[in-house]
Every structure is written in structure tokens, then in C-alpha cells.
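Chains here go by letter, A, B, C and D, matching the order in which they are written, and residues are numbered from 1 within each.
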């Protein structure tokens, strides 16, 4: 069934929830709990079994405050006022009237004076990367990305009463539409063809005539949620009596088995050509005379033989597929896509960003406070760093120097010398447990401390107690 | 004489000075007063007549608080902690030991933990664009750029006791070394050659043996100032008993008559070729046989004739020099180089950034508050916008959308239609006076308001009263 | 066995052979006969069954004139004198002395005066594209490329008595070393590792100590041949009493099953992602926690399941492999690599290059001689044109406008409108038979003639009788 | 007057003339004689004094064979047949009908079959670089370029009877229209404005209505010549009874005093800024407030002062103008533009291209024939090489390795070591005399021979007697 209705009268405010989650010891558990909050009352196991990537669902909560604190139009106003938001880069002004979709971005910076003028004239406003401007959105997404093992993104949509900002279309991501203010009339439609289901690219705009009847047709109010998988056509419009503000949380863009195979298969072929002479043997002298589109209608026994040989080679290919290395390619992309972690107060005082070293009274203080073999450390998040083998050398890729702006920083990594790889792996696998620096499997105490210092300076680890 | 000593016991704090300056009605006057504060007690007229571009000068004030509030190491510590400062981009770690100059930047973000470690080990820290991180530095420089009519930049230098961070060298800018904390031993040397005086590029590092005796050799203490023109070699080192923090305020990079001629002369030649057939006539058939380096020792009467013809043409060139257009090229560069203005509270509430339009209580408020023909307006700063003729069209270039980071935004401009140019020029020349929108020399009231709206939205003008 | 010795006393001169081949009606048959001449007395079937891509072979003929007419040092001297041969582009000057390999190319054009000076001082000369300078080499290679279905290339090597020009190495092509003048001592060695056999890239230079004992160690004299497959290490040196001139005819560079798979496999994956939802399904939420190099030592049942899913998908991939389209990609590369055909006198007068249209006596003659429905036509060579499907449109790719210089011209093609594809396919499949223009399966006589005119103008077809 | 009529019945054939010129000892004299032939019967002194760059002139000879042998349509037919002429690159197909100018180039190679079809349908054919295909045109232009000291180029125009191929326009070169076959009606018009006379760029096509009345309106027949300077509008059309073939020989593109000043003036400014502190002084602090287009109507005494300062600096600029170095920049461009020299039989046997070194009878012959101190040498052409000072080093630039295709080869040069510059200059200035290698002002005989060998190998010098 596509709808769950429940009265969630007693939900704790998001601020309290996030403060509680900050005390959860393991970032994966934290992610799981926050995701559960997002889809409550559906149990997450059930959600992933029955709904995820399968069908849309509508969760009606009759509690306008359920998502309160995540984002608001007042926050948007503040952002316009205080931050450097650029039309066309961070904010789109759009309209969809009489079947015609338009984008109306002027050049330059967004200010309340101009943005609200657009809004009053019936335009929708879409903020493209609210995580760069809102600490709460950043925090929520940075937690959720550990749930998905794939980038969690977000857009904000503000729509004036009685208008629609976008034409019907489908996207290439799993979408969680979180209604924050007002209400919106949503219609979701089945994919139009086999190839659209879970499609890996977004559609053009559809005409109303071409999309059939909705399989979900509901009015979503503040505190409600709609989820729909990639490939499902959707459109939302405001009723005459209320504006709408929602945030769409998205994930699983280019995160399919096929996306992994795109890394794996060319690598497999490379290995096969190195290791298996069958792949290096020459093609038949005459193959161009019976193969190719121009010969595809020919009845030639050599064609069958050729097909069979290809078949055989493609089957052998699996034997050479460097799967873990291909997963590492995906992992590196993910590390690059990740938001940097938001630190809890405890994490702050135990990591490099909150280290006590400072300028005070005309001189440097606490500069000598360094890591010892007794210091207990762990990585900051289950997935804030990843060890990957790049041909000859091993590198540690990490998220802690990423920017809140997507790919503004390049992928961060540094080489891990062979004598340190075991220690780094040990650290990663020990999470969420703390280990003493002295227990790292390195050759000398000096090495152990040097490694810990390095990881601490990059913000990858924190200590059990403030230094 | 190279030194002025005065006791400035009663200087008002910078904060008060800036608040007072905010009330000065004319940005040029404001710039002039702030510059006077910088070089007090030397009268600015005297300074520009006797010192500027001519010789170094040392102003000793015996008042460590004179420049207080401009910047401090505590502020630097805060910036390291709170802002995204990158080694090698915003901060350089340097040392100069036993005649060897080194730069020791690690990759990544600056944090107190690592930065103060470098400092404690004897390295100097140079912050390259403090105006991007300190509002006071931004404010001061954005005022001073109107004094110079040329970009005002700044670097911050923090040096540990008993060390030196840089080798002797000269720069390509006019330098005002403002001592903020501690003290520093400075030595300034005369240019080493005719071509070094007012040199338009910076030197490599000099060996101590090659620079002769200093013409200025002083200990600069907090509240003191040294100025020296481009081309003067200088070096500063900390005494064992005190660290040093200074800010070097710079200007007049590539702002010489020659720099203007580099814009002017090719343009003059282009005009001459269009307008004067003498420039289009063919060279003599045989000129390659007697001219050129290979023939430069030849005694050939044709050489003298050729030289004389060239002489004559170069003299004629002056007649075709489009001087105002070339100045506009310089002006556009300056507009691009400028820091955006820092708004006073009064300016804020009368300009687009502080316009009352806002989201409040679930809806947009004051969106209808617009400009009328009675509204009194003026440009925000004497030089925040400039009308330039670019061949066929006229554009208005403006600074208000510039970034605090040098050239992070491209040069901003938009076309001014012919029917609006007079009004824009009228506005610019009316500064610092306000004029009513109705008085703009446009064809219709509608045009007057449309132009004012446009300029208001770009932040180029503000109103006499809040809208 | 690696050696065939036979006395070929009565071979006809190459010139006569080529004249005879010009009368062979089918270009593939022509290619086969010329290849048979190359490897005589080994029957070609036996050669391809037992030797090709398997082992080196030496054919000793005791007839120094066997390959006479193909190329000579006298021809090289003529080329240096008359053609624009550039050092480093068309000719390399090399030496290999005391285990050290050097390239000694000066800049600029090759002239006998400098080239022979290098030769006299003991350097070898390697001409890189003799087909661009020698019509006979061009003719021979343009015929042989139809035998191989893969580009046939050539280098010329001239070595002074008592010297060696190259270090031991292996290449990435099948090599036919044709001794033209003098003699050379050749040693061929087995591949040093599994991956070297039929290797798809050339090796660096080997040290003598690392290559073991030769499996072939012979003195090759004019009229003899050595063949060895890619991956076999080889070196040749001149004996003190004679210089050596040989031409190495090569083919099958990047022409293996693996090379075809490199076109096929990414295309298969693209199709699979479009057509099979299994490829579009999301990866498991937690796969990054147990997959990847960092987890490769983990014993986790999810790993086996993941491997098995990948296995399954890779097997399904075969179902989506667009094999004929991938062969077309290879075919297009081949069409681009091909030498343009050399026309026989008969072909010349029946094709566009020899059409009678001309300027004569102050006016144009025979310009009205055009194709009619009675004209009999066929494509010029079995493989001079190829019909390929490129997504939405069908294009005809052709070799007749290629250059004798490798890839100097870009790949030539034009679109074939849907109403013409059958006729073009009919023409291609009718080869070597002629068909009347009237028999082309087009809608109208006008269409038939328009198509024939187009193909005639591009030099792709010729007529049975001169127009 | 614009017209010269003379009967030239007894002109010697061009072949004979060129053979005679080959015996002229000095390439400049040779150039002068050939140019005299081109404009006969006008004496060249008179031509350059009264006509060149001043006005059009028509030379009517009543001798259709006067220019015979230079080029013909039969030669064009041969070129289409034998050479790789490409539509759009080497040949344009054009028409001008009812005031509409069209270019009809198909893609691909030109063949008689297609080219003559265009011609018969009324299109004109323009061959863009006949010097690459015709040895005679190459020879003539390579001689004439020494007359002009500027590149001599050519286009061929073939026009069918009763048609016109081009719209009225003017060009940026001095044009010598040499009628080779048939006849053409030519109209030449005065420049339309002051700036068009000797214009340095070509015009767009004019409408007939806009060009006024011709100042020259004649029927040009084979053997006749029209000359007109750049900037003069012209058009030619064929009468119904005859086709037309002409070659336009052109020169003096970008070869004006202004073009030289474009090299000179920026260099002068660079020197001035290094040597004269007045150019390095800062601009007035407030110049942007009274200068610039926005202030150009202001009456401000500072403007006059500013203008006067600029005036003064521009006058000083002349003192720093490195004229010979700027001429060298022009000279280098010319050396790059030059056609390579065509060698006479005598020159061939005395230069590197005809050196006796060769392969003969299985070995190298005459490789030991080298230059001695007794060998007499000179540069091959007065201007085939030029010594230029490029900052720190001296290079010799030369034309002998240029291509017949414009700029196909990059500018050729090599460094001349300081100890050789005197010798090279001596050689250049000794032309047309021969000097012995022994007389070169070098330090040792070995140096003299090494330098001579180098120049000989580059084809820059030849010897008095065959080596």
C-alpha cells in the first residue's frame, strides 16, 4: 500500500534529537536512528524490503511540527540577507504556467528585495545546496550519508499559493520529500517504460497528456513525507490557500550495480589481456567480411562461431575482475562526494579543530600538548577515511577536509607508507572502539606517535580525552 | 629627514575613528581623513610632496595603542579556528636562517594546532589577504582605496622573537608598514641601480653582501609606522625579547604613467592607422637591406632617413592618442581590483541589502515598497561605479558585487542604453549630493524609476531615507 | 620446424607479378596471391595454421633477386634527393654500440650529403613510412591490407657492414622481415614471460644478459624472409663483409579479441543498463563496509553473495553485447588506417580519377559524359567502403580519399539516406561482380543515377567500361 | 594617366627569360629584371614613383603570348589530375549572380570530373596557392619576393564566358592582375573613404549601388596587365564570347610603417620603463576623478596638465625606440613568409641538394668530399638568411627549409655562437661575391670549416665550384 497515516503527537524536537544522536557512540548507528526518524513510523527494515527502489509511499503524520527545526522560510530569508547566494548557482527562480516551464534567474547575488519580488509575482524558488548555508541541513545530511553509503544531497523548494514551479518529470535519485511548511498537492505516476524504472538519468519535462493517471494523489502537509524511487514521474502544486516549503533529500545517484560494473569491466579486460593469452590472440583474418552491421543478415556459419568465441571470452572475463579494486574506485568517488563531518562538542574538544593550542596574552599556549603512546584514539566517523590500493602505493582518502560545497575541494588523500598500512587498517577496523596509540601495529613507538600525529592533524582521528 | 618622532598619547581608538568616519558624507573625504590618521603627524600634503615615491620615512609615536583594533594575533588565532584558511593560499610559513630563505607550507587547512607549532619552532607566518577574514581590515582598505585611486592591499606578518622570516628584497608597491604588536628591527636600503627606483616588479632575494649600508636602521614598536617606496630594499628581524606583528598596507602596483601608456600607445597606433594614411603607406622596398641589427653598423644615408621618418610618425602618434579611453581601461582594472564597500548602518538601511522586504509570519512583507520619483538617491561611494565607453556601447562598471577575495568575481558591468547615459553621468557627478529620481534627465518618469530600480538592485545607489 | 630452405630460381620479377595481379578480378584473391608470394614456398593455409602468431620461421631461398623491385638503397638515395624526408619524422638515425642504443637525428630535411655521412660513420637508417615515398611499397601494402583485414605497415632498415642499429626488443606487430640487399645475422628469442606472448605493446630495450639463448640464429640473405609473431625478442646485426637492407612488413597491431572486447564491453554495459533493470538496481546500503581492498581479508558471507551477484551480472552482460556494432567500430578504425588503393590502368580509365572530362583547346571536353542506368558498376575494392550504423544514421566509410601518410586525412564518410542503404549494401555484396545502375534497389531511376554519381565522384566505384 | 598601350611583339618566351635570369649573378638584380618584365614598358623607377600605392594602371600589350608559360588552364587540368588539390583549401568554387555571391565548395579532393562540371555550370574556380603546384609560379614568386622585401603571393582565377565570380570588393594587398588567357572586363573604383586608401584589411562585398563610377573600365586581354593598390574597389566579368584565366600576383600585405610601429612602439615603452624613471612614476592620486570618458566634458585645468604630461612622455618614447630590433621582428616574419629559393642547375650542383654524395653500386660514393679553407662560398640568395639579435643570443633565420605551402614549416633558425657572428655577417655582406672559407673571420681554420659545413648542410650557402 502507498500510504501510512499515523498521529505523531509526541515527537521530540529535531534539536533534541540531534543532541541525543551526538551521544551515540557509533556513526553508523547514529545514521540508522536518524533515518528511522525520517521515515517513522515505517520500520527501516520494512522500508528497505518493501518500498525502497520499488514504489512511492506517503507518510501522513498530522503533526506539523514533526520536521520543525530542519529548515524554514525564515531561515531562507536570513540566508538571502547574510550569505552570498547567487542566482543560477545557488538559487533558481522558476515557473510552470499553462504547461510552460521557465527559469527566470537574473545575474548576480540574491537579496530579499529581489527574491521576494519574484515570489510575490508567483515564481517558485529552488535553493540548490542548502547544506552550504544551513548548519542543521549540513548536520542531517552528513549523518544520513553513512546510512546510504552514497552521497546525501538536498534541494529546498518554496512555492507561492496557487502556483506550480516545475513540469512533471522524473529524477535519477531516490527522493524523500519532507514537507516543512504549508501544504502541497502531489501526484506521482508510474514509470512510462521498462527502461525508466530506476533510470540512471533525469527526464525532460513531460506533457500532462503523456503521463497517464497518478498512482499517488495526495495533499501533503507540514510534518508529512513522500518517498519515490528514481524513474517515477511526479509533480507538486500549491493549493490557493497556502504556500509550500519542502526539502527533498536525495541519494543513490549513480550508485547501481551497473555503475560499479562501469568501473569493474574495463579493469577486468585490462587484467585479462595481461594474464590470458586468449584475449591477446588475433582476430580471424576475414572477420570483417562476415561480421559487422553490413553483414548482420548473412547466414554464415562463421558468424555463429565468432559469436560463440566472444561469449566464451566474456565468460572468462569474470575470472579477472578486480572487484575490490573497483569498489575502491566507487569508494573514492563517495569519499569525494561526502559532506565533511559536523563535530559534536565532545568531538570538537578531542580533535585538532578544538585542540587547546592558542595565542593568548602575547604568546602561544599549550603548543607542547601532544599525543603519547597512552593517548586513546579512534577515527572520527566509521567512514571518514578509507584505505585504497592505487597500483603501486596505498593512499588514505578522507572526508574531513571536504567542503560543504559539492566538489569545491578536490579529493583529499595522502600516501600511507607500507610500514603504516597495518596500523591504519587496525584503526579503521577498531571503530567505534578507541585504541591506545601504543597498540598500533607499527615498528616503533616513534612511528606510532608520528602516524597518530599525522592523522590527528588531518582531523581524521580524535582522542578519548581532550589533549 | 627620514624620521618623525611624536608622542601621540591621546589618539582615539580605531573603532571610534571608523564610527566617526562613517558619518562623513563624502567617501573621498573619508578616505583622506583615514589616510591622515595612518601617517599622522605628517600632513598628507607634505607627505605626498616630500616622501611618497621618493624616500623611506619612520614615524615613531611612543603610543603602543595607536593602531590598536586594526588587527591582532588574537584575531589571527580566531581566524585560524573559525575560518577556512589554507596553507599556501592564504598563509605562508617562512624562515630566513643563515642567509637561506625557505617556505614550509604543508598542504591543507590552517589550524591553531599546526600553525602555532610552526611559530614556536621559529617560523614566520604571513597572511596574504587579511581583508577576506577581518572586517576591520576590509573596512580600512576599502576606504583607503579611494585615497589612492588604486587598489589598497595588505599582508599580515607575525614573527617569533629572535628570528627573521624574509631575505632582503624590494617590492613593486608603495609600502606602509604598520606595527601592531611587539617590535621589529627594520633596515631600509637605497635602490641598487637607476632602474630599481620605483621599479615595476619585485626583486629576487638579495645577499647581505650586495645591499650596502641601510639608509634607515630603526627599531619599530607597536604604534609606529615605516613607509618606503617601491624599489627600496628592506629587511626586518625580531629582537630576542619580543615577537612582532605588523600589517603592510600597499598600493600603486602597476599604477605608473608607463602603465597607462601601455594601454594608450597601442590604441593610439590603431587610431592612427585608421585615420592617417601616412601610417598605412608601405615601407621602402629595400629597407631590409640597410635596417636591422645585421646592418646597424652600416653607414648608409638611408638609415638616417628611415630613423627620421619613424621619429616623425611617433610624434604624430600623440595626435591620435585616445587618452580618456585609455584611462577608462585603467579605471576598469581598478573597479575590478576594488574591495566592495563596507556599509555603515545608515547605508545598510537605505540600500538594497537592508531593504525591509522580508519573510515574516508565513508571508512576504514590504515587498511593495518601491522607489518613486520623490525618492532621493545617490551613488554609494564616489567611485563605486564608472561609466565607460566600450566601442559601440556604454557600460557601467561597479564594485558593489566584488568579493573580498581578490578577483574571485569577474569584473561586473552592464550595458547602459543611450537614453540612460546622461542620467547615470548626472548621478555620478552629483555625488556626494542626493538627487530625486524625478530629476534624472530621462525621457519619462517610468524610465527614471526603471533606471533607479536597476541601480538600487545592484547596490550601486542608496536612498536618503529608508524605503 | 623453424626453417624452410628452397631454391627459387625461376621467380618472376615483382613488376611482372604486380602487372599480373592487376588483372585478377577480385581484390581479396589478389591479396591472397601476393601474400603467397611473400611466404612462398609455405602454403598460406599451412602458414596460418602452424606459424602465424605461434612461432618464428626462416625461409631461405638462395635467390637474391626474389624480392627485387620492392625497394633498394638506390631508391632510398633517390628519395633523399627528390622528396621532403625529415629527420625524426620519416627517417631515424640510430646506433647500438657496446650495449648502448642511441638516436642521432639532427633537425631538418634529409639530404644524401648528411644521410650518407651518418651511414659511413656506422649509423643505421630507418625509414618510417616508405609507402609515402615508394609507389611499389604503397601498392604492395595496399594489396596486403586486404589479406590481413588489418593495417599493413612497413619500415625500411639500412645497416652498414659490421654494425647493429637496434638493441634486442620485441614489438606489438606480426613482423615479416624481407631481406632486400646484402645480408644480416638475425637472432630471435622466445618471449620472456606468459604475458609477453602476443603482447599488445612493444618492449623497452633488453640487455643481452636477460634474453637467454636464441631459438633462431641465422644469416639472412637477399631474397630470404624471417617471420616472427609479436612478443618475440629479436636482434639483427651486419657481418663485416656486407651491408644490409630489409623491409619489415607488419600487421595486426591492436587487432586481437581483447581489442574488439574493448569496443564491445562498454557498449554491452550501456545496453544492459538500458534494457535490464537488474543493472540499474542500487548497490547494497552497506557494501562499502565489507567490500574494497581494505576489507579484502574479511571473512564475511556478504562478500561471497556480492561476488556471486557480480558474477551473475557479468554473465548476463553477454546477452546485451552489440557485437556487429562493435565490429563496425573496429572496421571504421581499419578504414581510417588503410592506404588508399593504387589503381591499375584499367581501373584508372573507368573511375573518376581517369574520367575523360578535361580542358582541351581552350574549353572543357567530355563534361557531359555521365552515368546512365545501363552503366555497369562495382566498388573499387572488396573493402574500400563499409556501411556502418552510427546510432540514428547510416554512414558509408571509405578509403579512397585516404592519404599515403598515416592518418594525415581524417576518417572519410558521408551519410547514406535510408532510401539508399539497400542499394549500397547490394553493391558491396555484389563485389566482385558488376551490376547495372538500373538494377540498384532504389525507388526511381533518378535515385539510382544520383547514388551512382555520388559514389563515382568519391572514387568508391568504377565502371565496367570507360565512360 | 591610367593606361599604357604598347605592342610587344617580340618578347622572349618566359622560359628563356627565366633561363637568362638564372645566369644573373645577384638575386636582387634578378628580381629587379623580372619585375621589369612584369610591368614593361613602364620603367620600374617611374612605376614606383608615380603608380605604386597611388593609382591603378592598365598595360595593354596586344600580344597574347607575353605572359605565356607562366600558367594555363591546361596546367590547371594537369594539377587537378595529378596533385592532391582539396576543395576549400586549395580551390574555391564561386559564383556572383544577380548581386549574390556564393561559395559552392563540396568536401574532398578536386578532380577534373567534378571541377569542370562546376565550370560548365557557370562557376568560377579560384586556386589559392598555385606556387605549391606549379614550379614556374613558384620560381617567379620566389624571385619577386626579393624585389618587394615582402611576401609575394598569387591566386589563379578561371571564369567561364558570360559570368562573374566575385562581388566588387577591395583587398589589403598590392595587386598585379596578369591576364593569361581569354579576356575579362575590369572595372576599378576609387576608395570610398579616407581610411580605405591603402587599407590594411580587406573589405566585405559591396553592392553595385554603393561604389560609384569606375575610374578604370577596360577589357583586358591575354598578355595585358592591370595593377591597383590596396583599398581600390574592383570587379571583373567575362564577356559572352570568351573565358578568362588570370593570375593575381600580390605583395605588401601588412608591410606599412604602421605595421613596423606595432613592433616598435611596445618595445620602446618597455625600454623606456626600464631606463627612464619618469615612466615609472605613479599617476596622480586623483586622476580618475577628472580623466576618463565620463569626465571628458569637464573643464578642469588638471586635464590639460595631464594631457601635457602624456604628450611629453610620448615624445620621450622615441628616444628609447629599438628600431633595428623592431625591423628584425619584421624581417623574421618575412623570412617565415618567404618561398624557398628555386635552384638553378648551377646552384644545384654547388649546394647541398646537389652534392655528389650518393649510393651507387652497393656503397656510398663521394661522402668524403668536404669543404676546405680554399672552398669559395656565398649565401644562396641576398636574403635567404638573416642574423637577428634575440635578447641574449644571436640566431640566424633562413628560408631554405621553408615549404612551398605558406607557413607549413615553422620559422627556421639556429643559434650562432658569439665567435661565429662576425663570420656570418661577413658572409652576408659579401654577397654576391664569393669568399674563401679561409677568409672567414673566425679564430681557427677548424672553426671556419665547421661554420661553413653547418651553413652548407642547411642549404644556406653554395660553393663557387661543385665540391
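Heads up, the rule we're going with is that a residue touches a chain if its C-beta (ideal position, glycine included) is under 8 Å from a C-beta of that chain, and two chains touch if they have at least 3 such contacts.
This structure is a prediction, so every number in the text was calculated from the model and none was measured.
Centre-to-centre, using mean CA coordinates, chain B is 64 Å away from chain C.
Annotation: 49 Å between the Cα-based centres of chain A and chain C. If you average the Cα atoms of chain A and of chain B, the two centres end up 43 Å apart.
The multi-chain contact residues of chain B, meaning those touching 2 or more other chains, do not exist; every residue touches at most one other chain. Chain contact topology: the protein chains form a single closed ring, every chain touching exactly two others.
All chain pairs in contact, by the document's touch criterion: A-B, A-C, B-D, C-D.
The touching residues of chain D, counted against chain C in their complex, run 73-74, 76-77, 81, 84, 108-109, 111-114, 116-117, 119-120, 181-182, 243, 352-353, 355, 357-360, 362-364, 367, 401, 403, 412, 456-459. The part of chain B that touches chain D in the complex is made up of residues 28, 48, 52-53, 147-150, 174, 194-195, 197-200, 252, 255-262, 264-266, 268-269, 272-275, 277-283, 285-289, 291-296, 306-307, 309-311, 313-315, 317-318, 321, 323-325, 327-328, 330-331, 334, 382-383, 386-389, 425, 428.
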